[in-house]
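Right, I'll just put the structure down here and ask away after.
Chain naming follows the written order as A, B, C, D, E and F, and within any one chain the residues start at number 1.
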């Protein structure tokens, strides 16, 4: 049953408004088990001159980029070993933790580390989850890995999950879990 | 800058309304980088007689339970080996996937499987993430494991992440990743 | 899809609010073919101190009585020949037109006129329609008549329709059509 | 005092919006005796991208045609004996009941029936009433008939009322009452 | 914390809307000590066809001119002794009261009166206050006077305050206080 | 025509809400020449749990006292020479300017100064104006003075105007103008 009105400044694209209606719809569903048709979201848009906070007219803050898209682009760049492109998506204080590793801060460290583990690896995605929490966007990507071990034997179907934190459009943290250790041990 | 008005039926508790204002605030932040003080959420509450959909007055749907609480309770019951309590939180078609296992459907299977891996295990939580997506509530719990291997040697600091899907208050799916395989291999 | 918010002063009964949500729902449907579930009506109610027009706080105007109820009560009183009760529902300048009669203003005229036509008559209702238009409430009652002709033979199933205009709770006009003339002629 | 806000999708014509504000104004007046100047109706219009129900953006449903206009056009076509035009306004399961007749379903039946009653007939309108109720639009047309009896003598001033039910722009039912039987009997 | 929505007809300029958001912000602050960032004003604008009062569509009333601007223009014209321009800003029944004078109605009276007091006078403004109250706009202008006494000696720094009432864009009343009497007496 | 909705937290008294509706009505009139009956102000009140800014529930800020009342009380205390009561209404950095005086900061200074001018003085009020501007409440009190000169001769009808600035319920500035200098000079 809930009906949501959000009041925003003019200037957001249709896609950004769709992301907003979608996020608000999911926020309602998170708490209230209303059927789909009963949740309506409406956006009131105001030109700057018709909106004042503290007596000052305001300009709309540019929408945040879709964090899932950032994560997909990053993972694609990493698979393609385009480290320059991948690096450009990271904040200066970026940190990543891979299975049973200490935190790493540079992509070159990761590449070095992986050389001792497999020749190549690719991801097949089962799904993404994204949310805002504690001041950052959080994105989960999960699915399975396939590729070649160091000895050239292929592997596939190895489950993985990556967790990302994104702030102001930059990735600040990546945590990775997967079943490679289990599989190798078999 | 966004201001959100949500129109709901009367009958939700203060806690449920807080969960709703919080979820709506996060939904806005997911798309718009507004400063905290500029995001306002207001709930209009209507008695049944002042709210009609399709010409019919409506009763509020009971709020969904907090899925993070369900997950915490479930994990606590499992740690305490209170299988009966844990089972009562699962939907009939519940399925779980643990590292390098086939899907399991009964908790007894899991207990059996774990007996071959460790004497005991406990969780320390680093954080929970929860969202609504694709018709279900999704909860992530992550942190580290400590306990005893089969030979009695202790372990701790082993990273884990659990992903849960919850529907209508029941857990329908659990996916678990952790670094046990990596650690055992070392 | 339309969502309607009506802002009213506090003080209306649940029944009056239901009549209002129902009238607003029908108003939408009159113009937009929205499915039932997509039309929501919400009433915001304000205590007098939170509502000012022209800088003056206001008291709610008492709701108008349901005009269909007035018409039913009037027709029931007439059938029971309780002319006093019926008369009390009429405005001073009340006028009625029956099939092929000149306008009448007093119920006694009607009784006199009917004596030349039948011994008794009762109504069975097929339906009522009610609306507001041109400053008055309009109510239509339709159905069939049964009773006895002057010679004692019974009749039934004779179609009728009555149109009423009601202003401020009083009936100001009644227009009657029926098939008695056709039936008698057969 | 009531103030009404209706939230609709963009795309309705000025005339359609006027019909909506008018219907909502009458809906309020049906229940609350507010003076004219105190009833305000405001329409919020949303582009599709700023409106989502169940997480889906929506297109506005085309407005229903004005049912009074349909009825006028139909009656005009019938007077002009343009049966083809009149037929096109009827739904397949159309039914009509005239004074002391069985239900008829085809306009040719009606023409045949009327040939035994008068040479010609025209309507002068005193007024129309229209509303939405029970899932259909209902239109009442009332006034007087004039024309020629079978023997060529003229008649006029014979009261009539027609009731129509319209669904999705098509007439599904017509009920007719008039004083012809009374007049002929005199 | 207060959030204000004002519903107005389309047609006001950006400047007029700014004046409105500013006046509404000040109205809130007059009663509630909310911090600046917590007071938001939003203007909903409706085309005529989407706004009806008493069932009638409406045209926006032209905004009132800024009364402070009228007062500034008037005082500037008076300083420049452009009596024609000044006169055009006065309503027919204009009245003014200067220190220890009877009410005057014509600017020529004022000029005559002042000739016995000083050769010339100019204003330096410290500030303006403007508000709406009791059906008129009220403007206060205050600051200091400088000029020459009748004997040619200069003066300056003499405090003054003028109070104006403005109705429908015309000045209807001016009341003047200043310290000239005190200063001359010293 | 404008309709104003203000969203506030629950907890304000009826009087405070009346002050708010009144201030908002005057704010509209300051810009738009709408007739009285066309300006409606409605206050939506929210319990703390249904209102969140920046994800935090809020308590209502206590309403500011009516600054005109503060000014009246202060002037009454001064007339009664209740300096203690008057002093309690002043902020520490209070400053006052009387005709042709330097700024004074203590009430005792004022009393001393006045002793050289008159034996006693009382105010008759013609009106008050109050507004919020530049971060302070501004109150104007105007009318006439009556009392006794030092030689015991009475005076009355001497015009005065006082301007006050009030911040957080304390008077921070008083500026006084009157015609005493003019009158004494006559």
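The definition used in the following text is that contacts are C-beta pairs under 8 Å (C-beta built on N, C-alpha and C of every residue); 3 or more make two chains touch, one makes a residue touch a chain.
Chain by chain, the UniProt names read as follows: A, B, C, D, E, F = Phenylpyruvate tautomerase PptA, 4-oxalocrotonate tautomerase family.
Note that the structure is a prediction, hence the values are computed from the model and not measured.
Colleague: Farthest from chain F in C-alpha centre terms, which chain would that be?
Modeller: Centre of mass proxy via C-alpha means gives D as farthest from chain F.
Colleague: If you tally the C-beta contacts for A-B and for B-E, which one comes out higher?
Modeller: Answer by contact count: A-B.
Colleague: Where centres are the averaged C-alpha coordinates, which chain has the largest centre distance to chain C?
Modeller: A
Colleague: Do chain B and chain F, two copies of one chain sequence, contact each other through the same residue numbers, with over half in common, or through different ones?
Modeller: Both copies, chain B as well as chain F, present different residues to each other, with under half of the numbers appearing on both sides.
Colleague: Only C-alpha atoms count here: how many degrees separate chain A from chain E in terms of the superposing rotation, rounded to the nearest 5?
Modeller: Rotation angle, to the nearest 5: 120 degrees.
Colleague: How far is the middle of chain C from the middle of chain F, if each middle is the mean of its Cα atoms, in Å?
Modeller: Inter-chain centre distance comes to 57 Å.
Colleague: Please tell me the distance, in whole Å, between the geometric centres of chain E and chain F computed from their C-alpha atoms.
Modeller: About 19 Å, centre to centre.
Colleague: Return the residues of chain D touching two or more other chains; collapse runs of consecutive numbers into ranges.
Modeller: Residues 1, 3, 7, 26, 37-38, 40, 42, 44, 51, 53 of chain D touch two or more partner chains.
Colleague: Output every touching chain pair, sorted by label.
Modeller: The list of touching pairs comes to A-B, A-C, A-D, A-E, B-C, B-E, B-F, C-D, C-F, D-E, D-F, E-F.
Colleague: Considering the complex alone, what residue numbers of chain A touch chain E?
Modeller: Listed in rising order, the residues are 7, 44, 46, 49-57.
Colleague: Inside the complex, what are the residues of chain F that reach chain D?
Modeller: It is residues 1, 3, 37-38, 40, 42 of chain F that touch chain D.
Colleague: Would you pull the chain D residues touching chain E in the complex into a rising list?
Modeller: Chain D reaches chain E through residues 14, 17-18, 21-22, 25-26, 35-45.
Colleague: Going by the contact rule at the top, pick out the chain C residues touching chain D in the complex.
Modeller: Per the touch definition, chain C meets chain D at residues 1-9, 16, 19-20, 23-24, 26-34, 38, 51, 53, 58, 60-64, 97, 99-100, 129-133, 137-138, 140, 142, 159-161, 163, 168, 175, 177-186.
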